[in-house]
Amino acid sequence: MIKLPPLPAWARLPRQPLLRHLLFAVVGGVFFYLLTQSLSDFNDFEIGELAVYAIAIAGLSLLTGVNGQISLGQGAFVAVGAYTLAELQVHQPMNLVLELLAATAMTAVVGLVIAVPATRLHGPYLAGMTLLFALALPFLSDKYSNFFGGDQGLTVPPPSAPGSIDPQKWLTWIQLFCALVVMVLLANLLSSRFGRSFRAVRDDEVAASLAGVHVARTKVIAFVVSSACAGLAGGLLALSSGVVNTGEFPLSLSIFILAGMVLGGSGTIFGAWWGAVVVVYLPSQWSQSLASTFHFNHLLSANFAVIAFGAILVVVMLVAPSGIQGGFRWLGQHLVTLSTRPEPTGNISVALQHTTEPDQTGDSSAAEQLPSSGGR
Amino acid sequence: MRLFVNVTLGGIAEGLIFASVALGLVLIFRATNIINFAQGAMAMLTTFIAFSVLGRGVGYWPAFVVALACGLLLGGAVQLVLVRPVENKPPLNAVIVTFGLLILLEGIAGAIWGNTNRSFPAPFSERGLVVGKTSIAFSHFDVFIVVAVLVLAGLIGALFRFSTLGLRMRAAAFAPEAARLLGIRVGRLLTLGWALAAVAGALAGVLVAPTSVFSPSYMDLILVYAFTAAVLGGLDSPVGALVGGLVTGLVLAYVGGYLGGALEPIGALVLLIVVLMIRPEGLFARPTARRV
Amino acid sequence: MLEVEDLSVSYGAVQALRGVSFEARAGQVTAVLGANGAGKTTLLRAISGLVPVQRGTVRFGSRTLTGMAPESIVQCRVGHVPEGGSVITELTVEENLELGAAWRYRRRQRAEHIEEVYALFPPLKERAKQRASSLSGGERQMLAIGRAVVSHPELLLLDEPSLGLAPIVTANLMAVLVELTEREGITVVLVEQNARSALSIASWAIVINLGSVVVSDRAEIVAADSDLRHHYLGF
């Protein structure tokens, strides 16, 4: 094991969580800006999708990895956000920022309605209820097809770009900007008092309540935050797909988001990006190239993505419950010993503890002084 | 009045199907504290296997037996291979594994049998019985549903109540460590419990298939209705699962009959929310139900 | 005879037992004493296979128990009454006893062995069909011991049977234990915080502190040693 010398002061990361998270966001923003400048329109579209799914996955990751609850119906909350934005554009068009905020808020309210009864109890209630919600929601739009636009759905025109900017690039930037803002907000939430309560409730509800944490309220807050993320993702998704109908939000969307979260590393905000890459590319490009390489018949190609995501959920949970980000963390620990940390324990709930401090690259004293800050 | 009678009868038949799936959920939950979200998908797979067997022209009853036997094997295998490794992990791990299995099985069934709607035969007429001069919405097949579910529930109940094996299974479920100190091989009994639960599911799969569109996702809604029924019954009470199934079946039948079928899933969601708000421990929870 | 040799157990970083060795002679009560957290419960759990052993061996008669599963160790005629009894409260008194006998006896034989337990603990017979959750603390402890002895073990491990019981109830339990050892020749390992009552029926005593055996001697000698009593036994 190599013990690195401490980095000079100018090379250290800021100790203030907010500053540190902003710095990462700016670096990420510059990276994505350069990426969109060098890529074609179609790739821009996919990078936009990547950002959108990263938002939804990061929200779920907070709920599951940090707070120890699970939603099997995150796709339905995405649908609520998308429909809210579309309905607003049809009935009451306003500023895009307000529309996105409204989509987020509306989904948060729906999340509240689901969470309040389900989180009063310890157990699998939230999981079952969110699954029921995901399966029930499409029936609502069938029943009230006049309002929800029936099978055709509602059309959402793309936002108009200022000046001579390419509309697709403009939309991608909006999506990326939203994603980076959400990441900074979530990272700060996790390094705040709320983040500590979330983790305390996950680790031991009884101990948390003895320590003065209001367990039910904390669980509701975590669920509402994760629904709000899904709602914003839904609003942004509506903008890029141009149409909102029930076919856009099958149960498999919920599965993809959950699988992306599990694969990326539950409880880590940065892991959401790895998950998003898989969610965007696996059902389309990777499936197609595998199908043509191995000559899948049409039934297998049609079901390949579903099989793959199901297998991801099962296999990752059994073999490497802390996901990709957990794997990187493990590698980091084994290549360079910075401070004494426990081994990954094969427990998804503790994945976060291994992925909290992003400043792995040098200063061990800083890493020790900073309380766990909830990933990047 | 006639509508009410017909809706009620339909609700009873449907409710017993929910009860059968709910019974499987409860047997597993009270033994391992896990909700098996793949319960419906496992039943779907065994029903599709029966469908393939039927396609070879062997007749309904051999296929029926094949479905239940495959349920027994599949349930045991799932417990041994997928569930045992996550048993002592946080409960979320098990939720994700069983949910992943749901998707995986649906994908595999889609890849083998296609995602189109098939039709699965019923062993008895699905035409309404004639009482006096009027025909009611309750067929010979509905009678079969009622009898089959009650017989299976009765057999499982008798096993638990009257046999030493059942006593051991109850001990293993309630107090695994104390059970081990009494020489009980808890691990094997958990496998057996999953196998029995999967048989209850497989029965429901075969009973649902003739009356609904038969495709790889046809058990999804049944699963969440059964979950509602199980929560209503208290999640760890087999009797509660039966009663909860009937109540859920009736409530959904009234919602569907009077407000429109598309509102049934919403009705289930509302029912679940109401139950959790008013009586979160369910109707039949045992006194030491796990609450915080 | 139970022989424990150099037994070590750890929970993660915490070393609960450090090389514990002792013998429990056949047909006698061996008391295991010590303060809370000294490792007494862990010792019993290691003997009956509930916690993995890091190092050392446990032999009972001609058999080596180390490495066996708890359900197999039971079949070597080892009965373990855990702390608090852990009767299965959802089952009736009789069902609890049935379970205790089930691994050894066929259904028909069980009734007579259960009757023997009822003779030993008459209050249980009155409550045979009631759920164990309705029992008092003393009755639960009777049921827990009855459930272990119904299969006629040769070694009985008892973890704090007097915990939370009134002195008179404790005295009765101890009397029954004496009767059992004398009549059936059972080897008893009795873990107790209530050192006084344990020493009154034990022939040998060991005192554990921080996972190690600090004293191993005849019970009267331990009871008479005022320093020892003062330091470790609290009476």
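The letters A, B and C name the chains in turn, as written, and every chain counts its residues from 1.
The rule we apply is simple: a residue touches a chain if its C-beta (ideal position, glycine included) is under 8 Å from a C-beta of that chain, and two chains touch if they have at least 3 such contacts.
Treat the numbers as computed from the prediction; the structure is a model and nothing was measured.
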{"item": "Chain-level touch network, classified as line, ring, star, complete or other", "value": "line"}
{"item": "Middle chain, criterion being Cα centroid separation", "value": "B"}
{"item": "Where chain B and chain C are represented by their mean Cα positions, the distance between them in whole Å", "value": "43"}
{"item": "Distance from chain C to chain A - Cα centre to Cα centre, in angstrom", "value": "53"}
{"item": "Whole-Å gap between the CA centroids of chain A and chain B", "value": "33"}
{"item": "Touching residues on chain A, where the partner in the complex is chain B", "value": "64, 68-70, 72, 113-114, 117-118, 120-125, 127-129, 131-133, 135-136, 139-140, 142-143, 205-206, 209, 215, 251-252, 255, 258-259, 262, 299-300, 302-314, 317-318, 321, 346-349"}
{"item": "Chain B-facing residues of chain C, complex", "value": "48, 50, 69-71, 74-75, 80, 82, 86-91, 95, 98-100, 102-104, 107, 133, 147, 151"}
{"item": "Contact set on chain B toward chain A in their complex", "value": "29, 33-35, 37, 82, 85-86, 89-93, 95-97, 99-108, 110-112, 114-115, 217, 220-221, 223-224, 227-228, 231, 235, 260, 262-266, 268-269, 272-273, 276-277, 280, 290-292"}
{"item": "Parts of chain B lying in touch with chain C, wherever the complex brings them together", "value": "164, 167-168, 170-171, 174-175, 177-186, 286-288"}
